[in-house]
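Quick one: the structure is below, and I'll ask about it shortly.
Going in written order, the chains are labelled A, B, C, D and E, and every chain counts its residues from 1.
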């Protein structure tokens, strides 16, 4: 008679880690898979740029300038006769680097600011919030322009500039998450159990802000790539002969009628990469959001 | 034990506890007023006793519980645990007090960190208090889990793998891990399905018996309180309006609010048709409580004096403490 | 007399990414004219899905009404066109919901929302509709009804909002009011007010009410007849006296028994610690709707479970007039034996 | 009730915000009509920074300005000097005192008559150190300016200065109405100049265009086209489209790569004009290893200037054979360095760098046509001979500042820069750039080139009044400079303008001005 | 209410940042060919030799009097320079925003109500691409197509309405895309709310449910985004204006940065920051129109 007793096992007994669960939802999302594929391709091509590149991205060949796409130069050549495809492979590296490093900068500075501000509240929070209000009052690209003006042009400074421009975004995001997580009973429980503030912030609260931070970071990588390209386009970003996509595009602008491949392909590349990150970001948000996951 | 212990030092003494939340407005977030969530609450809890704080939402019962454990800073007042000042304690003393005083929350879903296995969440607490580590810690975790009706292997699970009732068992196990003497149970069953509630009630009672626990039982459910509590305190708008031994309270509530509260409870017996006291209107805002007796705006027996003079919580011959001008006429 | 609503073999499912949830599985019951039917069960048992199925208010997808019949007068509500069912909603059948805080549209005034319903179903000009709205607000005991018309819902307390919702629901004199946990979100003194109001209105207006709740004591007070659901299935129905005094399904019994009563007999409580009266309880917890156990869904938690319970859903047994139960314990010994040990029969 | 009022108010706010924002649209909405015969539209690449002579620094400013404001002397396309507001001039024996006869019967656009006092006020303001005119150095040799009669002006120089007349012909030394500058403080400027020119300022739509209309009372031949519009279109491709669609009748600074297509268009004439601007890469001559002339010469041989001219400029440039272009007085052909990578490697080896070397190459972006492209091309050519040049760039002003540090603080190995000898006199082209006294930060000698003999020759040529002697002196100096190779001498890029075929008479000046007073439409 | 402290904060930050820009402003002001003496003179004249707080004090005093100094490049008052260009940027951004709002919000509504339809999928794909495409690239491609190839519209410049078409579409694309996405998700969220079920249970038709009951609620988050978008558009104008030679403050700022025209940079950034503060204020006010709850938010002591 008792053999049917399954005791108190209400929920399905599946030992799935949250990560795997998220991934499962992610790969079920067709758009996100497309995004992952795009990013994957760009990452592979960027990492192995020296392998894929058919030409030296910096080697000029004045006798072979502005060639349209051909068998030898799949995407044609630029104003100095450099192979566009090879330059774009290396450019992908730069864009990815800018995206990732600027996000790291934004996270490393913005997250602690937001966490401390949200957790402790009070005067500190008010001051921090005002400061973030001010920072957010500037659109990111403007902030990045101003920072680059102060630091000077160059890829490293673009990373710093776009990173700094994303700091207020993270600070506000994390503050918001912290404010809501702070109200969760398990934080009170941790305090009741005598855990210290630092431990509570880093061990209890921040791990639970991870989802929005990851989602935001995915979007932020895309945004930083766009900002960096914008800076490159304005001549405030990576400098010649660095094959940064925005800079290639900016240079190619003069040849838009004679050799439009110099603007078309880098533009498409930026679009695709940004699209890829946005698709994955959307997918991650859906996968991490219990509301849409049910 | 149902008779109040006389000679002993109470396990917990709360004296004139106040918790005001500032209302901030404007540019510089100036404080423009206060929500008087808890406004001068005084009571004692004896060893092994279950003291229930009841009242409707927003009456300050949960805030009282949290202020006692210093989960929210009290504005004023004193709290003593076995004679030791809780609100003023710091450092090592506070750590020791934290071990002795624990809390069980209402919502078992938010009470567990979703990113930690049950074992690591409880283990962390043990480690912080240097009670156990390594294999010893694991043993202790499994021991409390089993004691709370779970299985040892549950310590490797994440909260989302449990049902609501099981989670509440985990929450209780976590509170129990530090081997406390005093537990604030803040609406521990109200978020659970009806068929699960009695499991948890039974568990709490079992544990009280086994570990000589003292409970501050916070609930809006007077039926559960009747089952669980030894003494009952009724709160309204941040103030205690009546404190009484359970049987006395249910037999003859003295405060008009207590009476209304009790009469408002539906009876799960269709043959009984109860005469109700239906209160008019809503609870006033704690940001702007009425002058005099907080209940006077809804009281069916309101007198002129109620509108101006706040009644004190005074004891009657039957052992009730009541804050009402009807019971203790102003002379 | 013919019942107002006859629900027959209703099946409603939710198709989710992870599988199909049978929220309502073969549920049949009637609502008589002027009768208050209590629909009781724990969260996730499908009681809300039943109520929303009646007016087809479930979002499709993911919900699908897979079968059954809901007869309302001469019509089968499930066969009506969108336009036809809309003419019934709010007019002949009205609803109030659990969360008075979120059930009113925050950006329109109470008056706007009341008058909208009235003007939709009754050919009244603005002036008459307004008068009717104010009348309704007065009816549900809202003071200063005139001023309240121009107020936004957020200025109201929960109790007042629920009154406004009731006013809105009753404004077109519906034949049936579906009240889905109307007092669950309210404090006990406010709950008493609302229940009192509903009693009063019912006597005055005489409509039928389908009262949905998880709170047995509320049911005991309000309902004439009670329908108990568990995991999408109707397990027992009876008139309220019968159900509370002699429940037959183990789940109903457990449910009623495990609630501490406000009128608990104190003398039954032993004075000594350790010897307290333990509450009866139902073990385990509600099954995951995606992984429903086979047979009777309650069998993993049932103290009387038999092998047959794990394989086959018991049929509906009419114990006496108006008292149905779906449990193998109450099936004729014959059929139990048949299901249990078919080879023994010879 | 309250609700609808609120909605109405909200709508009102929105509508008025849009109306407010849109108002400029209607204000300027009439500007664009189809090309009318009475208006000539010229698209230029940049907006003049100012039309106040003391604030002018750029060719676009000069181009627009000279239609409105005139100077004492005009320099023809061939470099010869002809009277403008001065009818004649003479000097004393040692050429230190110059007397100018000011044209009579000329009035400014505001009706004020032109006289010597008006000119004196203008020139005095131009040289006033308090005012700080960017080009005040043009008159750096002037000691005193005074009137000696209603129409006679006397300029006294501290010492003889041969190119003084060329300097006075500079487009930035314009004469505006004395009324306009009477009450200006030293730091103040005016916006719309009131000059004596054939055209009058009509409207300056900032960021967009400047409209000029005919000066009915012009002292000279009245132009045939009554209205001139200068449109500022920085984008090259957009400028070309404007010409192709007829929105513009003439455009300046056509990128070389677009020339072939424009030439195929029967409605468009492409005009090539030489420029007086030289483009070079200066070495830091006091820094190792560029203090070694062998290294400098080696690098000169390593760069295929002809390839740059042919490929990057599609032939619309020429390789420098001297530190100044041949239109400049005193030019002597002393070059060029042959492109010979093997020789370059040999010279490097001889200098002690058989494995090449690495260096920084700083360059501006967008300041000169295709500057960044050229820098990148040079970089890859240097790589051929084992020289690893690291390209670095900055925005223009910080670039100038970076390359303007005194020698001990100068942190560059080499820098790409251009210099326009706008006076068409070698003094302007050599003295400031290569004389030892002109080392940073006192002058423009950013390469810290120093050669005593060259200094002597440049000093001598300055005060020498005999043109033949000057020519010889400059020839010797140029040879010495060339052999020292303080720079990589690159090229002078020609100007390319394009004009719709129905426009005639535009003057494409070597000084990078485009003048329209003789222009007319043909059918 | 937040305006004053934020503006003061902004002014301090802008002031500090401008002073952090490498390069000697006195030298830049004095010009390329200036003598060291003249540079020193300029330094004293502009009080650049004074301590920073003194300079800031002067700056603020002048600012209050509406004096932002003079452009180094043109010598004209900064207020005049900005005053001429700002209306053009405002016009461009406003038109772009109006286009973006009309297209974005309506696409978002239709997508949400016809969820997973062909229209929904297609418009969301377009929206994704719209967000991902670099503004300047879009600008170039539109220019190439409509101005260079088809010659339908002018490539650059200002003047007539047709000059406005390409820049405003370019500028508005990303906003329209974003707006469509936000409207859609906001709408989907609102359609899940209880009061929508209430509205349906009253027997209201789907059209009224969507356009009356859902839309107004769904627009509340859209309004926040709208305000934010306006700021982003003003920022994005930097790129758009550069490509389309639209003489607005965006290009003025870029040019000023390249020319080290500090007073202009300072003035423009101040103006933009100030503007964003104002926009936030307007958004707050707009909130109150849409959401009656806002008025009373300060009363409840949360």
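The rule is simple: contacts are C-beta pairs under 8 Å (C-beta built on N, C-alpha and C of every residue); 3 or more make two chains touch, one makes a residue touch a chain.
Keep in mind that this is a model prediction, so the values were computed, not measured.
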Can you give the shortest number of steps from chain B to chain D, where adjacent chains in the path must touch? 2
Of all chains, the one whose CA centroid lies most distant from that of chain C is D
Round to the nearest whole Å and give the separation of the Cα centres of chain A and chain E. 22
What is the distance, in whole Å, between the centres of chain C and chain E, each centre taken as the mean of its C-alpha atoms? 52
Roughly how far is chain A from chain D, going centre to centre by Cα mean, in whole Å? 45
Chain B to chain C, mean C-alpha position gap in Å, rounds to 32
Of all residues in chain B, which are in touch with two or more distinct other chains? 28, 163, 165-166
Listing for chain A: what residues touch at least two other chains? 8, 10-11, 152, 235, 253, 256-257
For chain E, residue numbers touching 2 or more other chains are 2, 5, 22, 143, 148, 257-258
Parts of chain A lying in touch with chain E, wherever the complex brings them together: 130-131, 133-134, 137-142, 145-146, 149-150, 152, 222, 226, 229-230, 233-236, 246, 249-250, 253, 256-257, 260, 263-264, 266-267, 270-272, 274-275, 278-279
With touch defined as at the start, can you tell me which chain B residues reach chain C in the complex? 1-2, 48, 56-57, 163-166, 193-199, 201-202, 205, 208-209, 220, 222-224, 226-228, 247, 250, 260-272, 276, 278-279, 282-283
For chain E, which residues count as touching chain C in their complex? 192-195, 197-206, 213, 216-217, 220, 290-293, 296
Can you check the complex and tell me which residues of chain E touch chain D? 22-24, 27-28, 30-38, 41-42, 45, 70, 73-76, 81, 84-85, 87-88, 90-91, 93-95, 98, 143, 147-148, 151, 154-161, 163-164, 243-248, 251-252, 257-260, 285-286, 289
Which of the residues in chain C end up touching chain E in this complex? 52, 55, 57, 59, 82, 86-91, 94-95, 97, 99, 102-108, 116-117, 120-121, 152, 154-155, 165, 168
